[in-house]
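The following pair of complexes shares a single chain, subunit A, combined with subunit B in the former and subunit C in the latter.
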Partner chain A sequence: MNRIAPLSILALGILAFATLLLVIVPGIQINTEPPTPGLKPYTAQQLRGRQVYIANGCVYCHSQQPRSADQAPDDIRGWGRAAVASDYVFDRPHLLGTMRTGPDLLNIGARLPSREWQLTHLYQPRAISDWSIMPAYPFLFEVKDKAAPGDVVVSVPKEYAPRHGVVVAKPAALDLVAYLQSLDRTMPVPAKAIRDDGYDNDGVGK
Partner chain B sequence: MPITVGLLLALSFIVSLIALAFLIWAIANRQMAFDQAQAETIFVPGEQGHPDDATAAPEALEARAHHYDPVRAGIDAVSARPVLVLLASAIFWLVLGSLFGLTASLKLHWPDWLDGSPALTFGRVRTLHLNMVAYGWTSLAGLAVVMWVAPRIFHTALRNPRLPVIGAVLWNLALVMAAFAMASGWNDGEEWLEIPWQIDMLLAAAGSLFVIPLIRTAIARNVHHIYVSGWYWMAALCWFPVLFVVANVPLFYSGAQEATVNWWFAHNVLGLWLTPLGVGAGYYFIPKIIGKPIYSYSLSLLGFWGLALFYSQVGIHHLIGGPVPTWVVTLSIVHSVMMFVPVIAVAINQHVTVGRNLWALKESVALRFISLGAVCYTLASFQGSIEALRSVNTVTHFTQYTVGHAHLGAYAFLSFTLFGAIYHMMPRITGRAWPWPKMIPLHFWLVVIGFAIYFVALSIGGILQGLAMLDATRPFSDSVILLKPYLESRSLGGGLMTLGHLLFAAHFTAMLIARRPAGTMEGPRETRPAVAA
Partner chain C sequence: MTRQARDNRAPEETFEPYEEHRGIPLPVLWIAIALALWGVVMLFQSHSAADSGITRRASQLSTQTGQTADAGAALFVANCSTCHQPEGTGISAAIPPLAGSPFTAARPEVVTQILLHGINGPIRVGDRDFNGHMPSFASVLSNEEIARIGNYVRKRFGGQPPELTPQLVARERERFADRGPWAGGAEIAGTVDASLAPQPPTVPARIVPTDAATRHLVNDGRGDAWACASCHGAQGQGNEDVPRLAGLPAAYIAKQLGDFSSGRRDNDSMRVVARALSKREMAALGRYYERLSVPSTARPSLGGDLARGEKLALEGDWENKVPACFSCHGPSGFGVAPTFPSLSAQHPSYTARQLADWAGGVRSNSPVQMMEKISGRLSAEDRRAIADYLATLPPVPARKPTPEEASNANTAR
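So, the complex of A and B:
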């Protein structure tokens, strides 16, 4: 090849074609579907909590995309039914994730709805599961001599509690928990909803 | 989904027709005339058959007062400054990025270490590592190789040599800003796209300052034929800005659709940006150091266009089993498997050239780095194709196995290639030998052994982790507990790699601050190619 222009044009043409197939066509197809019935937009507090989730990189250990029962036992583990495209219409940015160093969280709000549990777990995961390798997030909390009115006090086992005073959740921790509690895609979806059906056992010819 | 499938078929039919028409036009106009002699474009007359090893022991070279390449000294002198600026900053990011990587690795088995500061939480440290090594180390070092080699294969000095210096300064400024942003929790929330889009715009502008000199040098070239490395690099510099800008358009994408944009970008950054940088470097340095042209030049054409066609469509294999249309997942799996074609083409070319000249590996540590990098490119690509198969992906997806694979590509392939390239380039740029030549093999063995431990640990650990998660009778905690020894081994391997990088950085700094020789070598700013192609 001895010319610069044809090389560049062809190279960009190929990229444009890939973009058409991987970005534009799936985008059009996904956007034709209405939101999953029963799915609610996030509240202002849940969105703030979502930003805490993003800022601290929770996505690097937690996926939000349960797989189908034909592929993996995600549902049996309590992570929820197979996720479909319309489950994510309110997600900006998406947080599907690619790792399961920790469990999938798309239905954590339904599986572990307790705010107390979540706060203790965020303060010190090993206070709940001694095998956990999740980071502790002490900077989302503060230690006070005495809780003020309106403070949310976190219950911490003696082993992990500060010597003096009480552990109080900062607003960021409460927002994050509000977001986690909102993660609930247990509502049913149409059988034909968009997702990767490549593992379906019953889908010969589908 | 009859409409989609029909649309898809119609599209690929039209595209095939256009491609065919283009091919006929190109052949008719001799755009693609091709012969083995053109592989000799990298040489000047009389050079073939003479190995070119810049890392040779100094006693062998004592007769010479300098390490310049006398024929190309005029060309090298022009590109020296931008290349040195790029390399110095690339190595800075390598060291800093490795320290963050090692910290992230340690935190996975010492979860309560350094947990007091939000900037040092695992999620942020990991992100800092990825962005520093991807956009700092590999991108900047790759650009340095391009800015140094491209003028040599075009047989004329770099045009606008100040633009890449400005580009490097702006790029580094953007990276520093990005690092502070991410450490303070400001990021765009998607893997490989964490840098806030406002800062991305500065990165894109900086990147364009490398495109202009490359294209102007290509137009002014003193040889008709563009050598294969030049195709890879020119295409990469066309692709990357488009990818980067399209993927970073703010407020435009959402939900599952955004996930397809995310992985279209993230895999293309590897396939259409970092990979061409490394493969192009291999195509130049392997035959140049050995002193013999590449084995089959026409095969390199297949390798290049195969990479462009197949690699650009593999991204959605990161969403197998996910909430995106089945057909787009399948499309990416098919193209992932098709990647065997261009990879085998590159493998035959590079490995046969090295295999016929094994003596050269003993002579040149730079070649040892680069040809091992080339072998790891083959391995990483084969592994990637196999990982995209649905049955394999079910086990390995969501596990540490993927992390091992990513490092086989970005580290063992690309970084090894870049290490070798830098060891070869620096004596030619500065006119001095490496001050501590025995430290080069030490660096080699530290990173090779470190990486071997890293890769074996994560591959075995990842498979066991995946199998544990697929077994409904085992609690999730099993998959976490069993991983611990493998994560510890990874930290050990990563520690050795980081140690190697520290040695490398020290060696590089020592070379930079060593006393300047009497004067820089001047020479004509053009050379004559060995073939009149």
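So, the complex of A and C:
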């Protein structure tokens, strides 16, 4: 093989050009983006819950990126408006996800704010939806004979309740639910925020 | 000998293959240049798309907040004329007229306060007494919009100069920040402008007590049912696809709970809750939420065409056999008990989702299959338009307790 030098220089040049346009320039653009007005940083408990979310692989089945109406009917599903870059300012790394085996969760805190519901659902999803294929997470809970003061007792329908005692949430479950409750990006987006406008260049949107 | 044994068909062994320098064929070069040019053009085009997206959002925002030239008239038609009529004549014995009303000619604070808080009580306009029942617009209109409507109404019906400014409205908003609706003309005359007297006496507010068991069910839940408030909010205001319950007819809520429990209406979470409730509890919860009156927390969020939504709600689309929403659900979508739920101030993704569910056969529990047929004739864009429009309307005004409830309350006291 001859002319190795010009070939590799050309290949490196193409790679550098692509990196500049696809990584560095968007990075500069996005880094200057302020958080969406009304978005708060996560609290210590919510961050612990985020670690539980990551550790249990929730991201493999749940995305965190509602789409715009011309791509999917996510807004009518109640999953919220299309996400914009500034919604993820406090997520490092973001947990966008690619699979939608389950519903999108970026606004779960707005549409299912109930801590009790979330706890029941994590303990046994089938107790609520008998068709659900989500795994149950019983190891985030413990069965006690009697709830101690300060314990959070989970309401479980009779068919799924343990024969004796009550189901009590462990701290990890409470942290996870606190994180889920904090997922709320329903606040309006400033008109100038960076977002995907597609190729809709005639100015007439859907 | 070796030379003779060589197969003549084989190439010369000493032959070294080589290629002469040949330039890129001209057509390929042209294609490459054309592609590059196309790329540059696309870059510029999509850049202008981002700009036009921003302009479009800005223009949507300004039409939504009504900053167009004659915004007062447009806001009046959109918000007031379903009840007070386009000419401000009102409806005899039901809705007070605006034309010639002393309220439109009184101090600017009067119209401002009525728009901000609504009225729930007897009011005298001219020589007639009305049973005032007006919603509060504080949660759905900005100070700017209230000033525009107020100036329009006072100029057109009271002949007054435009004295309302957004600053004045902001001050008036502060002044009685936490109060509910005015309890009738007498209270307005006594508090805001004495020149409006005499007014019919205000009937003292009758608070119907809720039994402790219902309150417990709403706020704390039970072992077998989550608290209503944990999803629907402390005041039944809802969010996203969790519906607002405040102000829905009691019978409607009880029927839906019954349908969730029997499976006529399909919703996994609500089925769990409804199966834990008795008929009596369902009825009590209905009465509890019917009486709640809370500010609107809904905002248009589906990018629907508000003008189209307003047309569908007020006039319908008879070419497609779609009747006006308000012809059954009452003026301004305040609902007609016991069958037709209120629609105003409902969250748009809930409304649009229900319309899609009716159309797709997922929800099928309406009387005589009416909503199934109507929703099926609406396009997806129309469903978004209606849902967004309904979210701009003020919430249902506080419902008056029936005489029976009132007497119960009085004996309880």
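The rule is short, and it goes like this: the second predicted complex is superposed on the first by the 183 of 206 C-alpha atoms of A that agree within 3 Å, B and C clash if a C-alpha of one lies under 4 Å from a C-alpha of the other, contacts with A are read in each partner's own complex, and residues count from 1 in each chain.
Keep in mind that, in the parts below, contacts are C-beta pairs under 8 Å (C-beta built on N, C-alpha and C of every residue); 3 or more make two chains touch, one makes a residue touch a chain.
These numbers come from a predicted model, not from an experiment.
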{"item": "First, second, both or neither for A:Ser63, with subunit B first and subunit C second", "value": "first"}
{"item": "Which of subunit B and subunit C A:Arg100 touches, first, second, both or neither", "value": "first"}
{"item": "First (subunit B), second (subunit C), both or neither touched by A:Val84", "value": "first"}
{"item": "Partner chain in contact with A:Ile76 - subunit B first, subunit C second, else both or neither", "value": "both"}
{"item": "First, second, both or neither for A:Arg111, with subunit B first and subunit C second", "value": "second"}
{"item": "More subunit A residues in contact [subunit B versus subunit C]", "value": "B"}
{"item": "Partner chain(s) touched by A:Ser129 [first = subunit B, second = subunit C, both, neither]", "value": "both"}
{"item": "Touching both subunit C and subunit B, counted on subunit A across the two superposed complexes", "value": "73, 76-77, 129, 195, 197-199"}
{"item": "Residue ranges of subunit B touching subunit A (in the complex, touch as defined)", "value": "1, 4, 7-8, 11, 15, 18, 22, 26, 30-34, 107-109, 111-112, 115-118, 121-124, 126-127, 185-191, 215, 218-219, 224-226, 231, 234-235, 238-239, 242-243, 246, 251, 253-264, 268, 272, 301, 308-309, 312-313, 315-316, 318-326, 328-332, 390, 394, 397-400, 402, 469-472, 476-477, 479-481, 484, 487"}
{"item": "Subunit C to subunit A touching residues, read off their complex", "value": "45-46, 48-50, 52-58, 61, 221-227, 230-231, 233, 239-242, 268-269, 272, 299, 301-303, 349-350, 352-353, 356, 380-381, 383-384"}
{"item": "Residues of subunit A touching subunit B in the complex", "value": "1-4, 6-8, 10-15, 17-23, 25-27, 29-31, 54-61, 63, 65, 67-68, 71-73, 76-77, 82-85, 87-96, 98-103, 125-126, 129, 131-139, 194-199"}
{"item": "Sites on subunit A touched by subunit C in the complex", "value": "69, 73, 75-78, 80-81, 107, 110-117, 120, 127-129, 153, 155, 157-158, 186, 188, 191-192, 195, 197-206"}
